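Residue numbering begins at 1 within each chain, and the chains themselves are lettered A, B, C and D in the order written.
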Amino acid sequence: MPRIVVDVMPKPEILDPQGKAIVGALPRLGFTSFSAVRQGKRFELTVDGEVTDAILAQAREAAETLLSNPVIEDVVNVEVVEA
Amino acid sequence: MTELPLIGEAPVAAESRLNGARIGVVTFPGTLDDRDAARAVRLAGGTAVALWHADTELADVDAVVIPGGFSYGDYLRAGAISRFAPLMSKIIDAANSDAKLPVLGICNGFQILTESHLLPGSMIKNDHLKFLCRDQVLRVENNTTVWTADYEAGQEILVPLKNQDGQYIADEKTLDALEAEGRVAFRYVGFNPNGSRRDIAGITNAAGNVVGLMPHPEHAVEPGFGPESNAGTDGLGFFTSVLNKIVGGAK
Amino acid sequence: MTTETNKKFNIDTVENAANTPDTELPWAELGLKENEFDEIVKVLGRRPTGAELAMYSVMWSEHCSYKSSKNHLRQFGQKVTEEMKKDMLVGIGENAGVTNLGDGWAVTFKIESHNSPSFVEPYQGAATGIGGIVRDIISMGARPVAVMDPLRFGEIDHPDTARVMHGAVAGIGGYGNSLGLPNIGGEMVFDAVYQGNPLVNALAVGVMRHEDIRLANASGKGNKVVLFGARTGGDGIGGASVLASESFDDTKPSKRPAVQVGDPFAEKVLIECCLELFKGSLVEGIQDLGAAGISCATSELASNGDGGMQVELTDVLLRDPTLTPGEILMSESQERMMAVVTPENVEAFEAVMDKWAVEYAWLGEVTDTGRLIITWDGEVIVDVDPRTVAHDGPVYDRPYARPSWQDALQADAFTGSVQDAGRPSAPSELAAAVTELVASPNMCDKSWITKQYDRYVGGNTAMAFPDDAGVVRVDEKTGLGVALATDANGRYTYLDPYNGAQLALAEAYRNVATSGAVPMAVSDCLNFGSPEDPDVMWQLAESIRGLSDACMELGVPVTGGNVSLYNQTGTTPIHPSPVVAVLGKLDDVARRTPSGWKEDGQAIYLLGTTAAELDGSEWAKLRGHLGGLPPKVDLAAERQLGEILINASRDGMVDAAHDLSEGGLAAALVESSLRHGVGARIALEELLERDGVDLFTALFSESQARAIVSVPRSEEVRFKDMCTARGFAHLRIGVVDAASGSLEINGVETMSLDALREAHEGTLPKYFG
Amino acid sequence: MPRIVVDVMPKPEILDPQGKAIVGALPRLGFTSFSAVRQGKRFELTVDGEVTDAILAQAREAAETLLSNPVIEDVVNVEVVEA
């Protein structure tokens, strides 16, 4: 079944405590090549049947209204993935 | 600055023979219940030894408690970052060694133990997605571990539960194996507070020296400061169990 | 780095300001009034630089300068007797007041608001509210030991209420639980007046030894100034984007966040790290960074100290490298502290920072010039007398007058009103009324909220919700502890601000005394509408006058607090909501009195007398009525009642006690029964006869200075003798009946505890899941 | 600056309480086309300079060891995104 992937990230200007904790932990594990980390969310919405334009539009709207909090997050990507 | 007694020095009228047993209590950045765990050790009669996550040597301790809290803010996954602390490698080695260091992980400590693969499975968000604090009845399913020997098999105890990521999960095969080997140490009774598979509240490793559970026995050790029902001291048995074991006392 | 940074901005230096007196500055956009800007120019003897303008604008804001309330707030410091000062170690003016507990122990507590951020983004707004108040407590040198959260939201069934409720409660829990601070109490009030202006107040309490008290001052020439904790980002300056005028190029400034995100983990580390600093006596002065950030910390530290301060702003560690100097000065990024450290302690200080992996930056030092000098890459961008920034802000005597509608409002009594038609009187009607009352949004069980809060962490919580006060042990050796309660009744205060504020104090005082603790100190959070509205200003003035008079009469000083104004939607203000927190002391928390009875056969006494006082009551709210006069205030009676409850607790005469407040006797009886699922048989005939009221009034009136207690048989004589000796009205109204599983009140149809519980506990889950 | 994106999803056989809550909420908001939702995590790791094979390998290893817990999660994607 096809899925729609929605990616949501904290707005760049907003503090991301999780990313901060991760970027602090990485060097302790020997991963020294990363200067910043930000943690966001990835949603996979399963569609029964074909992904029409209308359904994609629904996904975009759900991404903006339910899946992200527009005050602190940006929807960075909405795309269809075939299973 | 004077050390605040919040760090716990309640006068203890416990058996002095247990004083010699040294129980390490690990503090990570973000650990919250370390003082409580240390107090529980003292109320049970033992000596609590503060351990720091960045230490590279395990001080001369007879057992270790990894207390609850939000180490590293529970960011990424509960216990995920703490698991890589220098002291954790020492604890993992000691727990797996022939000496079988007794290790108890409470709540966040349990999560750290699963992230460290000392215990199987993992914890995910509670099924209701909220933080939940309540007095919870548990059944002691296995009283042969180092940490549960002072309880009767099947004994029901009342201790506080408080967490956001407390839903115990593992694949069916692992769950079946845990059941078959008697490694389900505690089960929720009456109410499953988080959706944990098979009502599992805590588990043990095969040797019975490493035990983890989500509820908080260290918050049920002093009358008046724990659950309102019972005496409020049902959690003390964890600490007396290990102390008795260490000093070689019979059950 | 600095040279590169330098290029990005057109740095407005002091020199430049002196040479370009006519440069237009965006003072109005920054919220300053023309007279205020003129005042700044007068103080400086020249136009301010962009950075100075930023500092003055935030420090002279209502929030930081208390310009509308200062003239009135003075009463809290003036109406104080020697007796009240006896135990006050630090009074109003510091980050939080400090009260002596004896045995070398001291306690500090304070309540603050985070109202409007919590409306915009409930989770983060409420979370950072907890974070901010906890930093105030740390900055006094104390270990924080508990928090409380008085909340007021719109009507329970309004579509937006669930958003605010879910977010704020999760945020308070998410932040407070992660700090390891037990939440021991609060309030939850639903009322349409708070729909667009929810009130999220937060209280924190901390304890310390006397010698560990720290103050916010920068003294000792040559001592170093350090900023530590989180990096500085663009938080809290979203509205002040005009500062982009500082920017060299014409491209749009990078975005500034509209809301702040808290990092409770960073704050928990900051707490432990500060306590380690205090333990090693490594800081001379310390200040938390809250509203107005570095502007506030530098100017307050410097003006409370003995000289001046010199700071290099490019040394501030930034989260966002595009910030301009003015923005850095205004930023409200969370989880930061500023401290003053002697040169000898620098190394030890750094070792503590390294241990906890906390970032820090040495920004400058204390001087003896009497000036606060801030440089940007060596060039002077701020040169001010710090007092003019921190303390000498504008003060307004805003006009106020009793509203034209106040008389009509007070004349509109509930009794006899349209809404009072069909007042319940038959036994079945009364039972239905009691059930309806305890299921109502404001009287229902609040555990939907409180079970999201950790009450156990720390191992010192001796009492928490749903008892009248939260109780925390301070000293494990002796059992010494403190009790806290917060209260406000916006409806009473709307009907009569002077008396309403007194009633808030009376209730918090009563709650603390009910737990057995001796009330010692007060902190208050004054939530009001716009001070530019003379009606609102009158409410504020009257409330402060009432509260300060009552504090004097009850002998409990105000040690700190907070004012939150402009809580209004359009021209409609919230009800005046002075939230009052009272702190009390228990010599041994083992003696605390819980609110629920347990033992079969114990006698139930009602203390105090009941009059027909239904105006502003919860019953009237249920019937959609608000008018008349609030219950009568009798502070002498409150004091007497308090003494009885405290003595009864100390001498073991009562096993349970519950004060009567909103919902009156009906609510108290149900709550005490449901606490442990133990019923009672009640007969009120003697009461009706003595007080000349009917059964409905006896149950639903909200007369003050009352409590119910359960007394063991063996103590009854002693207890009655004590009440008689003190001349305080007391009446045996019933007996605890453990077997019945019900609440029986003569003249009221018997109510099963199961049904009452279902009604009482079902409401919040029904609306919020 | 280039970033490496790491996507982590709960294993298909593991119940995902957040995804479940979302799939329950969608129809109430009028979004009726989605039969299942799963919520995972998206990490953006910033690399100073060029993304070499070695750095990409580091990111993969970090994804497997720190960023995901193999007991409950799968790393579903590691890719380079130019800023």
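Operating definition for what follows: a residue touches a chain if its C-beta (ideal position, glycine included) is under 8 Å from a C-beta of that chain, and two chains touch if they have at least 3 such contacts.
The chain list, named the UniProt way, goes like this: A, D = Phosphoribosylformylglycinamidine synthase subunit PurS.
Because the structure is predicted, anything quoted here is derived from the model rather than measured.
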| item | value |
| --- | --- |
| Of B-D and B-C, pair with higher C-beta contact tally | B-C |
| Centre-to-centre distance between subunit B and subunit A (centres being mean Cα positions), rounded to whole Å | 35 |
| Euclidean distance of C-alpha centroids - subunit A vs subunit D, Å | 8 |
| Euclidean distance of C-alpha centroids - subunit B vs subunit D, Å | 31 |
| Per-residue multi-chain contacts in subunit C, two or more chains | 263-266, 357 |
| Per-residue overlap in subunit B, given as positions that touch at least 2 other chains | 72-73, 75-76, 81, 84 |
| Where subunit A touches two or more other chains at once, by residue number | 17, 21-22, 25, 29, 39 |
| Chain contact topology (line, ring, star, complete or other) | other |
| Contacting chain pairs - touch in the sense defined above | A-B, A-C, A-D, B-C, B-D |
| Touching residues (chain side subunit B, partner subunit A) in the complex | 72-73, 75-76, 81, 84 |
| Subunit B-touching residues of subunit D, taken from the complex the two chains share | 10, 13-18, 21, 66-67, 69, 71-72 |
| Interface residues, subunit C side, partner subunit A - complex | 120-121, 124, 230, 233-235, 254-266, 319-320, 333-334, 357 |
| Residue numbers on subunit A that touch subunit D, as the complex places them | 1, 4, 7-9, 19, 22, 25-26, 29, 31, 33-48, 54-55, 58-59, 61-62, 65-67 |
| Of all residues in subunit C, those that touch subunit B in their complex | 104, 141, 143, 145, 170, 173-174, 177-180, 207-209, 211-212, 263-266, 268-269, 272, 275, 278-281, 355-357, 450-462, 473-477, 589-590, 676 |
